[in-house]
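My questions all concern the structure below.
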Amino acid sequence: MNKKGRHVVLVKNLKFVRSSIGVKYQKKAQSEVGNSTKAEQFINDLKKHTSKMNDVIFKKIPTSESVVTVIYSSSLVDKITMQLMIFIPLANHLNQIHQVAEVIKTTDVNGISSKLISGQTLLYFHQSNLLLSIDTYSAPTRSITNTETESTVIGPQDAFTESLETNISLVKRRIQNPMLKNEERTIGKETNTKISILYIDNIVNHENLERLRSRIDHIDYPAYFDISVLKQLIEDNPLSPFPQYYMTVRPDTVSYYLLDGRMVVFMDNSQDALVCPTSFLEMFISIEDYYNRWTTASLLRMLRFFGFFLTIMITPMYISALTFHPEILPYELLLNLQESRSKVPFPPLFEVLFIELIIEVLREAGSRMPAKVGQTIGIVGGIVIGTAAVEAGLISNILVVLVATSALLSFLPPIFLMSNTSRFVRYIFILSAGLFGLFGQMLAFAWLITHLLRLNSLGTPFMTPVIPRKASDLMDSIVRFPIANLKEKMGISRSQKK
Amino acid sequence: MNVKFIILAIILAMAFLTGCTAKEKKIPLEDVGMVGVMAIDYIDENSLKLTVAIPQYSPEAKEHTQIFSVTTELVSQGIVDIEALSDKKVVLNQLRVVLLNEEFVRHGKARGIIKHLFRNAEVGNKVLIAVVKESGEEILKEEYPDKPNINFYLNDLLQPSINTAFNPNTNIHDFIYTQTNPVLDSIVPLLEKKEGKIEINGIALFKGDKMLRSLSKDDALIIQALQGRKKLAPLYINLNDNNKEEKMMLDLINSKVRMKGNKSMDSPKLTVSLKIEGTLVEYKGEREGHLSTHEEILKLEEDINKEIEKDISKFLETLKELKVDPIGLTEKFRMHYHGDWDKTMTRETISKLQWDIHVETSIVSTGTLR
Amino acid sequence: MSTNKRKLLNRYHVVFLVQSTMFGTGVLSLPQRLSSLGYSQALFPLLFGVIASLSIWPMIWINSKYKNENLFRINEILLGKWIGKSINLFIVLQFTLFLAAIISSYMNLIQTTALPEQTLTIPVLFFLLLLTYIVNGGIKSVARFCIMAFFITIPMLYFLRWAIEKGEMSHLFPLFNYNGHEFFEALRKGYLSILGYEVIMFYFPYIVNQKKAYKHALVGIWISIFLCFITTLVSVIYYSEWQLENIEFTVLHLFKAGEFSFIERIDIIGITLWIFLILSTSAGYLWSAKKGLDSLRSKKKKYHVYLITIVIFAVVVMPIPLESQKKLFEGSYYVGYLLLVWPIFLSVVHILRKKQVQQ
């Protein structure tokens, strides 16, 4: 690959060979040489410019029209594409190249190098000092696989990959509608990442669209590795622990939201798609709810929604009941608890914090560990430590049940970011329960409600079901009514079509 | 933005400052002794004997309940004294049963003590009250070999159950309610210790704040029936007229009662109509073989009606003489009286009361045989 | 979010704002305050409802004459700068004291029942911090919090079922068993519990649909009155007259009658859920007091809220002898009555002025 193939330039014009004989021909030859020196100059400049980039390849190819130097970046272009698009037409039908390619000014050095590093092939015609470029970007990408983080039992299983074009194609094949627009931008001074904003023109609210566009255009951040970086920059309340935009890797979810009048942002090399605006309830909705029947869907949604509140209330309840209000518990349970707690030397607050931290460690280590080691450590951590800790008297066994249940419940929301948030919020509740018992818990709950009420998602209030903008919103909130009744768009998108 | 950070920092710092405030050290759950049963006995005019039972959860302790007993003048003083005897902090959060000595309530001291407990925010309102014939301390200290923990035993004994339907299940709220309501007089279940078991042996009838006398279980059942209780205990009926003795048992009784007053204060008359539906489970007497036809059953029902009416009448006579109203009959007259009603008016009304009782029994079935 | 000229509150906001500022700490001891009537107090809240509906009419009327001004500005316009400003100062002080009274009584309640071993300073501080957080979001955030508070605390109605089971409907009769003296005493003491709707005079400029504001406010008032009515009804059924008179917090004792199989003492959960209602009431008053301070100094500053909060904190926490604290709070309650009749006075002034201008 790093062969710097230097073809000997075959002089087409034999006159040049005979120039040593006749001066008459020398001038013509000189002009040709002049031409070729200008070309050589250009090529040398370019080579200097791309000096340390070992994968930029210069190939000089004689064609029927003139000598052509083919310049391309071999890490971004694959060999078969080169053959098909460049070398074969170069050899046989040169007009094809002229028809397909784009003309670039030879003086625009920056433009030339940016085209090179984005995977385009440059064709420099020595005779006519003509620079053409053809898009041959064909870097290897991952094939479309199942989603691992947002899987469903039924429904389509494909997920987005890191290639922007594949992702857009996954969406476009689901919504075959001429109104589906996508605008492209390049952001990030140092990485020059491409993003795409998709929306359906006759449904979306243009005010929202304008807001999104102006936000993206106004940020000034050098490097983007993933779309979550972009997300945190265009959020309304970046200080809040709650995510305000919906991130998903499933094309069916994205198409559902597009048809509902939202906007979706894709980023190249990023698997997730960003949906905005969104509301708090939607964090608990999974697209599978629409594939299930309405009874199952309603049941599961209620489970997820109340599970969120349960998971932040269970362990703090334990603390406040044991430390401050023992009269809440029925007598027999209380005796049981007293017995199991008699062996524990710590107050309930520290006990709970201790075991919560152990579970956090297990969770975090489990996600970072290599798969081969992960299984064993998981079993050791979960079962052995838990049982041994109870036997050693470090924690009470009732607490293990409670903490395990709340840990399971915290994984219910389909968005991973939301589960992380519930973990964080749970610590706040634990601390406030440890301070003031049930009163502290209710204070924390009131704080949570107020905080959620003040959040905005792209200008629209985050907790929209507080006052439903439209009565039909309620048909698709915690309880989902049969699909035949769900024809209207959600109020939050303020769409043009109802 | 800066202000927000400063405030956040202050809040976090506060969390640690809570240690600086002068508050009692929080006693963790295992060092708290929760009183399950409290018994109060009469010693003399000013002092009382307070006994408490605290369950022990530790499996190593030999006894599963600790019983402490002190002599004191005030209940709270007694609790403080008991704490000196026990190694745990004594709290009344899980108090379930309060036992009062009969002498104690005959001297009229019950109201003060129960009011004190009512005022206490720690104690719930569903604490059951009972009067005991002997000393409460003895009942608590006695060993009941085949019964569980004394706390559970007493609590379960006094809980509502179908066979003890005569038990009014008085709790603190009910007691204060009936004490302060001019229309009613309190009734409290009466316990007696018999050979290693505790038995509910009737109820104690109060007049004002003193216990007047005890009533038998049958009379207590009448009170419950007239107060509107729907499911009654199995009823034992003894028909005894014209030298024909018949004994029978009605079970699975549903009862419905309606009382109407005649709105007159000078000659109050009460119409009581009581409907009882039950299953005849056992019969011993003359008509034993003849109860298969409908007419026979009707006749039997009529006889039962007359008998029950007689019983109720007799009971109301007793109430009239004693001038007490545990059932709340005078409520029907208070409803139509404009002005303040007080206890003397209750007593007057009861002493002038006439009544008209209709009982309608209907025997629904006679078991699986005819 | 709290720009003066934007219309932020739609009709649901208005309904629930009016409802929650009325239904707060007063209801806890409402049966006790009305106890001079004895058993006949059951229908009393309905009477209060009628009075409230009538007295809110002049407020809305005067506000609709000055569509974009709140009461503070109206005072200045109608009565001149200096008198207006002094009245406004008076109102702000009254609200501050009123807030301090509400918070201090609730905190005392918490201390006696839920947190027996804790000194009150830190809980009060956290409570006030949360209150400023709510109010900083503007009137819209206050309104939305009121809506959420309503829906979160409505399930507490279920806790009344045990009291209804045990109670006797016959307590309700005779219906009007009181004389004039008792009537006025109950009226005087009991009406304080449902004060709160006068705050509408301060957020009127933000209401979108001002023409229908009266109807919406009525809906809010009657929701509160209905809830108060249920409370008094159940208390009358369940308690004896002596209990009504002597139990400080009758509603909580109603909760004590209940039990589930897994939770014994529901009254503790009831008390701590009550914090939502207290917060919603106080947020309305604090927001109005902040607006008052803004208009007094004719500029909007962020620290106004904190200033008022610090004063409230000082009043609640400082070791003033209990008697004088009680007298101070009682005084502020009665001044609240003054605020009720104030709009009538202002309407008269307004009409006189108009006549003057026409002449």
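Chains: A, B and C, in written order; residue numbering restarts at 1 for each.
Rule of thumb we're sticking to: a contact is a pair of C-beta atoms (placed from the backbone, for glycine too) under 8 Å apart; a residue touches a chain by one contact, two chains touch by 3 or more.
Quick caveat: nothing in here was measured; it's all calculated off a predicted structure.
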- Task: Between A-C and A-B, name the chain pair that shares the greater number of C-beta pairs in contact.
- Result: A-C
- Most central chain, judged by mean Cα position vs. mean of all protein Cα atoms, is C
- Item | Whole-Å separation of chain centres (CA-atom averages), chain B against chain C | 41
- Message: For chain A versus chain C, what separation do you get between their C-alpha means, in angstrom?
- Response: 49
- Chain centre separation in whole Å, for chain B relative to chain A (CA means): 68
- Query: Which residues belonging to chain B are in contact with no fewer than two other chains?
  - Reply: 18, 26, 122, 124
- Please list all residues of chain C that touch 2 or more other chains. 118, 122, 126, 264-265
- Note on the structure: Residues of chain A that touch two or more other chains sit at 324, 327, 331, 435
- Message: Which stretch or stretches of chain C touch chain A in the complex?
- Response: 10, 12-13, 110, 114-115, 118, 122-123, 126-127, 130, 133-134, 137, 141, 144-145, 147-148, 152, 261-265, 268-269, 272-273, 275-276, 279
- Please give the residue numbers of chain B that touch chain C in the complex, ascending. 3, 7, 11, 14, 17-18, 21-24, 26, 121-122, 124-126, 173, 176-178, 180-182, 328, 331-332, 334-340
- chain C partner, complex, touching residues on chain A are 324-325, 327-331, 333, 435-443, 446-447, 449-451, 453-454, 461, 463, 466-467
- Query: What part of chain B is in contact with chain A in the complex they form?
  - Reply: 4, 15, 18, 26, 28-30, 32, 34, 36, 55, 57-59, 91, 93-94, 96, 122, 124, 151-152, 155
- Please give the residue numbers of chain C that touch chain B in the complex, ascending. 38, 112-113, 116-119, 121-122, 125-126, 129, 168, 170, 173-174, 177, 239-243, 253, 256-257, 259, 264-265, 302
